[in-house]
Structure formats: structure tokens, C-alpha cells
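Before we start, here is the structure in question, set down as C-alpha cells.
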Amino acid sequence: MKKPRILKNGIAVAGLILIFLYVMISIVSIFYLPFDPTAMDAKAILQAPSLSSGHLFGTDEFGRDVLSRIMKGTSVSFIISVSATAFGAVVGIFMGVWAGYLGGRIDNIIMRIADILFSFPSLLLAIFIMAILGEHTYNVVLAIGIVYIPQFARISRGSIIALKSNEYIRAAKSNGAGRSYILAHHLLPNITAPLIVQISLSLSTAILLESALSFLGLGIQPPNPSWGNMLSSARKVMLFAPWTAIYPGLAIVLLVLGFNLLGDGLRDILDPRLRNVR
Amino acid sequence: MKRNIFVLALVLVLAMTFVVAKGTKEEAKSVSSTLTVGVDQEAVGLDPHIVTAFSSMRRLDLLYNRLVRLDENMKVVPDLAESWEIPDNLTYIFHLRKGVKFHNGREMVASDVKYSLERVLDPKTASPGASYIAPIERIDIVDQYTVKLTLSSPLASLLDALTSNNISIVPREVVEKEGNLQRVAVGTGPYMLKEWVQDNSMTLERNPDYFEEGYPVSDTIIFRVIPEQASLYAGVRSGSIDVATINDGAVVRQASADKSVVVLNKPGMNVRVFAFNNKRAPFNDVRVRQAIALTLDRSEILTMAEYGMGSATGPVPISASEWAIAPDKLPLGTVDHARAKALLAEAGYPNGFTFDIVCSATYEGGLDVAQVVQNELKAIGLTANLDVVEWGNYIDRWVKRDFDTMIELRGGSSEPDRFLYRSLHSTGGVNNFQFADSETDRLLELGREQTDPAQRKATYDKLQEVLSEKAPLVFLYCPNESHVISSAVKGFVQVGNGSLFYLTRASVEK
Amino acid sequence: MGKYIVKRLLSLIPVLIGVSLIVFFLVRLIPGTALQMYMGTQVEATPAQLEELKRLFGEDRPIPVLYFEWMGNLLKGDFGHSLRTGRPVLPDILSRLPISLELTIYSLLLALIIGIPLGVLSSLRQNTTGDFINRIIGLIGLSLPQFWLAALLVIGFSHTQGWIPMGNYVPITKAPLVNLKMFFLPSLAIGFGFAAVVMRYTRNSMLEVMQADYVRTAKAKGLPYRKVIMIHALKNAILPVITVTGFNAGYLLGGSIVIEEVFALPGMGRLALYAINQRDYPVLQAIILVIATLFVLVNLVTDLLYAWADPRIRLDEQR
């Protein structure tokens, strides 16, 4: 069997490897963690990373092992990122596709709603929603998901509009094909390319958004570890215990990088114009 | 050519950095008679009768005076009143200093005191200070420098109450002209307001007519708002700040190990407590509360949540040395897991139970304490879930009494009546524990009425025992008031309630 | 084109009204009120005092009434007074606008200065190792949480004076060098990530343009390679970069909220956070409205630029 296109692209592969690494860590963390992530140890407060103490990434202001907390935070980050993106994508694509296909007043109304959501900077909107709903994990998913709706709506609408005027669509219509049939069989399959790219972008941004929210105290609440709230509590000690800030941040960077590499590689594959210029 | 664009851009950025770095050397002026104070919150407003935030109080310490004030040992000493008489427990006569001037040049006289106190008591002002002096029935001007207060019922803590910033003496004409004093400051204090750049800095300059001879020492005080405690510390180290108010245990700990700065610590007046909702099961059963009181380990909580920067306390803040009994000398004062478990079993919870602790990560929400408490309670089989909420939410829950237990920071006082009455009397205004006990009420009322110090001491001793025994809340510790100051600062002394008044004695040697 | 602009401007009105409705009603859904924040847990109030306080804090009238009061005042130019400090809202916001603006502009400039040249370079060396490395660095830049970068910068610069704002903001007109020095690190924290975005877009649009027929024609005609690139390709690639900057204005504005918080710059983002924190409704409503309006206008301008460049979209709108 021929090698799938995706594996030929070095960048996408690099991304997949990083993501896979994190998935592994996430799974492992269910069964094994070097230390209990919420166990406090008054004798081990703010210890620098060392092999002998077993705290490979050091300890935080309560004596908790940083590495264990980072590992525990991995599953949380994944779940939030995937759920929020799924929510935003499903609702956004639904809105955008109907708006694009039906046009007219419905299009106007749907896009007005999307515009109103879109008129807030993402972080501000998420902060606002979290303030109203309260700081629970499921609300973080909701908040980020709502932020994503307009983007998915716009992209899917734009693609549908561009496709609608296509020859074969008109042919299908004149042959008597029903609306839903055309939608399902001709339109949807062809808008997947830009959506896939947007999805990978959203997965990466979701992690950044969640950590920003937790950083500001509006996301995952301590003592549950989230990379964002670890960075937040590290703020006051980071000048003399930099490891408490460096490692959680690094964890964020590498996972987000993984999603971004994947998205980039996918874009390379799916957008033939950019494949080779010379 | 394309390579050149890149190089050019890089050079441009580097050049900018270089020029900027070089250029700022000129800005470092050294005016040795300026004291720069770093604080982590901006003052909300400057009207002494209205503000509640601690950050605002710190500015008021320097802009206004009251009839009496607290010195560095938390004793009541004269301020605008140079002496007073208390002929009976309903009458107070104050003799004012002569020649004290407001910042607008007019002399402060008895009518100003009457005006100020009446403004505080007026419901239209909605002043937080009103509850402190509520029993005042009449204010008479005996002569230009003598004021007589008549109470409707005895209030032994009146003098202590009059030291509050909320009962500062203000000039009537300024209030009438401006509506309120939130944005202007015309007091009698050692410093005058020169400039206020919101969320940035406030500049105060010395009052040349201040009534204390030789004070203030420094000509100018600049308050700078820097929300990051670690940055405040860095500021003192680098010399851009002279005095910083730092209350974060981790930062103070670090600063204490640093030879280049000086750390001042003083037992504070605030009390960290673990509050029960006494109307909610199972906390309506005194045995459950006692069991928890027997499990909470004050010294461990202090070490973990405050890095040891505080002192364990009972119902009266431990630094009020005249009144306070140390917690280990009070009932339930030592950790005893066996007895705790027995009490739980007696109350019908041999296997423990689950409940919520409401706390917040910011301001006085005590998240750190909650995490330690959660850990400790595991030892007697109790599972505590942390209900961590945002600060506004926290206050909402407090107001609605919607909690099982809560971590709170209470403003204590060196005078037991002021703090304990409002918190624990069944009609107390901040008794959100919903505690109603007739013995406690009786003792509180007695302490308020009695005037003989020996009698009062006996009453409050008994009260501390009763409160420890009945445990409507667990009094944990008093966090230290900490200041990190540059080694060039001389003369600054702390006051247990955080007051910055003694900046008037401070100077920087550069 | 003119009709299109007018249409778009008109469509702004329902959007802004929608924003104002959302802001007004939803802020009051946040648990806790400004009055409660003011009283905290330490203040006792008698019933008479409480009534007065409620009147001062606007809690004695139903919400729809308050909304129409607010809108009415808004149309007269009165943005109300802060519940917490009593100061008029608009001057406070306006005084903070320059700071947020400075931060955004400096970040943008840094991003363009770093991003465009690197993007051009990368496109010319497509698929070489240099390009590969550039792309990875670009992606890393995109993956950095701004507040983490800010934290690292603070750690790195903590020992030196003047680089970290310490409640000593001065406007650029008073002391330009102090001002620039203070804004450098915060702008870098935001600009670095954005430079990555700019670089990638520059690279992509350069690649697209270089494929275009007229460029190939120019090359075939024998014009010198460098001249071709400089005159034709760059000119046409810049426009998409400008539009992507516009589309990402949200990134810049949102980034400024966190960075203002970390570096304690007294800008609008911090004011918004404070207002949410303190339930200071008038301030919160005004600031969200201002930010949303700015944002919408920037998006509109960007859309217009985009439409002017790409006729397909305009035609589509005229259906």
C-alpha cells in the first residue's frame, strides 16, 4: 500500500510525534506518577531540580513535585482542548454551512450573531464568559468553545459560498437532487481542507487560551494542576525558584508546537499552490 | 539585496536597544529627601469617611489625623486631642491641640470635630466608621478647643474606635465644595497630596505646618503601585523603591535571606480564621466543630501557608498583649487526633464526612491555608473539597451565608470589644458564622459596659475560654506585617495594624 | 465600492447594539455586586445606611430601567461614574488608551521589523535547511504563551533597573527614552509571537506571488532576479500581510491584557480586568464597548482592504 501523503511531510510527522509523546504521558499518568501531585511536603519547599531527591523538575511552594503535576496536567489540557474545539467546530460549522447555503435573511442573522461574538478579543470574551458561569472545568470548555464559533462559521460559510456556484452543483440541482443531499454529498466533503487546518490551529490555541485563563485565576482552580495555574502560582516565587515557571511553560510550548507543526504540515499537503514554486 | 534588508532590520533593532539603554542613564537623579514606597494595590479613593480598602487607608495614614492614634505598641496615644477625661462611662471630654492647620491654611477647631463625627454617623454618608461609634448620642462644643461626647450606652472601646482612619477629622468647607473627598485631600496630616496618577503613582509632599515638631523628616513621599510582590522586592534590591509592603510569605522568606535588604516583621492585627456556618449540619453540632478545632495544627499551617511569618492566636489577636491568651493555654488548643475522632464518633460520624471549604486565590481568600487544612483533616477521616471561587464570588457567598466552611481573614483590633462584638454577638454586623449563644452575648455586653480594667480583663479571659470551647470558628493565626526596606532607610517603625504613619520618622541616606 | 462601505458601516449598528446589550445584561449575571465588593467582609451597615448605599450603587431600580438610563446617557456622551471610586469613567479610559495603544503599536512594529525580512528570506530559500529552520522557529514563536515569555523576560532582566515598569510610567512626550525602555520588554513579549505570524504570512504570500504569471513573465523576459523580487513580488505580498495584521488585531489586544497585568502597565486591559474583578459595572460596560468598537472598526477596515484587493468577495456580497 502506498505511504499516506501525510507521512511524507517532515513537518507534519514532527508534529505527530510530539502529540503522540504527550498522549503517551497522559495515558501513563493515569497509572503512574513519580509523586502524588497534590501531596504537600513542608520539608521540601521550593527545592531545585536534582536527581538525588527524585524531584527531577524540582518542587513548588508547597513542596509538591513539579514533574508529577505537569504530567497530571497533560490529560486536563488534552480534554479541554479537544472538547472546546469540538464544541466550537460543531456549532460553528453548522451555523456557517446553513448560512452559506441558504443565503438571504438567515445568512444575515446567523452572521450578525457570529459578528457580535467576533467583536470581542478572544481572551476577553473567554474571561467574560468564565466570570458569568463560574470557575469550573466544564465552563472553560464552554467559554473557549464559544470563542471559536465565529471562526468556524466564517470559514465554512466562505467555502460553501465559493463552492455553490460550481458547475457540478448546478448540474446536480438541475437533476433534481434535494438540498440535504447536495449538502451532504457534494458540499461538505469539499470544505474539509480549510476546516482541518482550522481545527489543528484551534487545538493549539485552546491550550494557550486555557492556560491564559488559569493564569489569570479564571480557569482550572488549584490544587488541581493545570499548566496555566502552575505558572500563575510560580509568579511570586519565580525570581528565586525559576524552575517552577520554566517547566510548566515548556510543557505548554511543546504541545502547542506539536499541534502547530501538524497544522502546518497539513496545510502544505492540502494547499497545492504552495508545494513547489521553483 | 534581500540579505541586506534582514541585516538592516536586525541592526535597527539592536541600535534602538543600545540607544535606549544608554539614554536612560541621565534619568537617575538622586533626591535624598524623597522616600519611594512600593505597594501592590492602588488606593480606591481618599475620603476617610467612605473608603474601606486597606490600600486607601495607607495613604490616609499620612494625609489626615484623628482624635487619637495607635503608637507602635498599639497603645492609644494623643493625636489631635492632646488630653481627655472620662468622668463616667457615658461621657468623654477631649481637649484639642491649638494651632493645628488644615492643608488649606485654616485652623482645626472643635466645630471640625463635631462636623466630622456627625458626618460619619449620618446614614447618608454610609460610612463604615459609623458602626464603631454608633452609641454616640450627642456631640457638644464646650469651647473652641474642647469637645464633649455623650453616649447612649457604654462603649469601652470608644477610644480605640476613634483611632480608625474612618473617623479622621475633615474640613467642612471642602466637603461641601467637592461633594466628597475621594479625589482631594485636605487634612491636617504630615503630608499633602501633590499629584495622583491613577494606577501608577501618588506624590505627597511635606506639610510645613504639621503640628509635630521636627516631623515629617522626608520632604516627599511617592507611592508606586506594583502589583507583583516579587517585583516589589526586586525594586527594593535595585534601589528604585525604598520601602515596600510585602505580605507574601514566599517573597518575605527570600528577602530575609538577602543581605542587601532589610526585612521588618511585626505581629499583625489581622486574624486568619477557619469559619463554620453554625446553622448548617453537621457544623451545628458543637462536637463536630470541636473535633476540627482539635485537628488544625496552627504551626504547620503557618509554616506551609505563610512560611512561618505569623503567630498562632486565639480569639484575641496575640499581639494585643494586654488581653490575649495564647491558644495553647485555651481549651482545644493542642492537636489531639484521638480525641477529635472520638468526638466525631460521638456526634454520629465515625467514618467522617465530606464537605466544602469556600476560599479564593486572591486577596484575603486564603487558598493556601485551605489546601493545608484540607490535607490535615484527612487524618481524622474528613474529606474537604475546595470550592475555589473568584473574589467577587467569594464575597457573594459570604454575604449570602452560602457556605459550609470558609477561610477568612478578619480585621482584628487591639481592643477586644471592637473586633469580637461585631463578629460574634448574635446581633453582630459581621457575624456571618450565624453564631447565637447567650453566654457569649452576655460576656460581650458585659465587656462593653464595664470600665474597670481588672473586671474587663476577667470578662474577656472568660470569653476567650468560652469561644475556644464552643468553637463557632477556629482562630488560626495573625499574619505578620512585613516590610522590605532598603538598608539606606532609617527611622521607619512598623505598627501592628499596617499603618504607615511612622514614615514621618523615616529618611533615606543616599 | 462606496455602496459596499456604506452597507458595512450600517451593519455595524446592530452589532454594536447587540454588544451593548450583551455587556449590560451579562455583566450583571456575574455573581457578586459592586456594593458587596465595597463592603467586603468587614463593614457593618445599618438599614438606613444600606438603603443609601443601594441608591448610590444603583441597586434600587430594575435592570431594564438602568439599561435605558445608561444608553440615554451614552448617546449624550456621558459614560457614567465608577461605582468604586466615583470618578467619571470616560476620562479614566481615555487616559489609559495611549498606554494600550503604545503597547500595541510597539508590538506591531517589532513584529513587522522582525517578521517581514525573515519571511521574505524564507520564501526565497524555500525547502532549503534555512527555510526549514526558519519555519520551526516561526512555529515555536506561535506556540509560546505570552505570559510565559513575559515571565522569562522578567526573570532575565530582574537585576537591572529601568526595564521593568515599576509604577513609573511616563508618556513618550515627557521622557521618550525612559518610556521606550519601559515598553521594550512588554512589546517583545507580545511582538515575538506575532512576528512569527507575520513571518509565515509573508513567506506564504511571497510564494504565491512568485508563482503568478506576471512574475514568471518578468523572469522569462530576463529582468534581473533581484529587481523582479523587489519591485513586483514584495509590493504585492505586503497587502496580505497588512490584512492578516488586521485580522489578528484581536491577538494583539488580547495579548495586551495579560502582558499589562504581568508588567503592571496601567492600560485598558488591566482596567478591564479590574472592573470585572470589582464588578464596577459602569467602567466594565464602557471599556468593553470601547474595546469592542475599536476591534470592530479594525476588522471593518481590514475587510475593506481585503475586499478592495480581492474582487470575488465584493461581488459575492452583491448577490
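In this document, chain identifiers A, B and C correspond to the written order of the chains, with residue numbering beginning at 1 in each.
Convention: a contact is a pair of C-beta atoms (placed from the backbone, for glycine too) under 8 Å apart; a residue touches a chain by one contact, two chains touch by 3 or more.
On a predicted model such as this, the values are computed, not experimentally measured, just so you know.
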item	value
Neighbouring chains common to chain A and chain C, by label	B
Taking each chain's C-alpha mean as its centre, the one farthest from chain A	B
Chain A and chain C, separation of their C-alpha mean positions in angstrom	21
Computed distance of Cα centres, chain C from chain B, in Å	38
Computed distance of Cα centres, chain B from chain A, in Å	43
Numbers and ranges of chain C residues touching at least 2 other chains	30-31, 154, 158, 261-262
Chain B: positions in contact with at least two other chains	228, 234, 362, 390, 393
Chain A: positions in contact with at least two other chains	131, 134, 235, 238-239
Residue ranges of chain C in contact with chain A within the complex	11, 14-16, 18-19, 22, 26-27, 29-31, 126-127, 132, 135, 139-140, 142-148, 151-152, 154-155, 158, 204, 207-208, 210-211, 249-251, 253-255, 257-258, 261-262, 272-273, 276, 288, 291-292, 295-296, 299, 312, 316, 319
Footprint of chain C on chain B - complex, ascending	1-3, 5-6, 8-10, 12-13, 16-17, 19-21, 23-24, 26-28, 38, 44-45, 52, 123-128, 130-131, 134, 180, 182-183, 197-201, 223-228, 231, 234-235, 237-241, 362, 364, 390-396, 398-399, 408, 410-411, 422, 428-430, 432
Parts of chain A lying in touch with chain C, wherever the complex brings them together	10-11, 103, 112, 115-116, 118-124, 127-128, 131-132, 134, 161-162, 204, 208, 211-212, 215-216, 228, 231, 234-235, 238-239, 242, 245-246, 249, 252-254, 256-257, 260-261, 264, 273-274, 276-278
Touch list for chain A against partner chain B, complex	40, 42, 45-46, 61-62, 131, 134-135, 217-218, 221-223, 232, 235-240
Contacting residues of chain B [partner chain A, same complex]	228-230, 233-234, 248, 250-251, 254, 300, 303-304, 307, 361-362, 367-368, 371-372, 374-375, 386, 388-390, 393
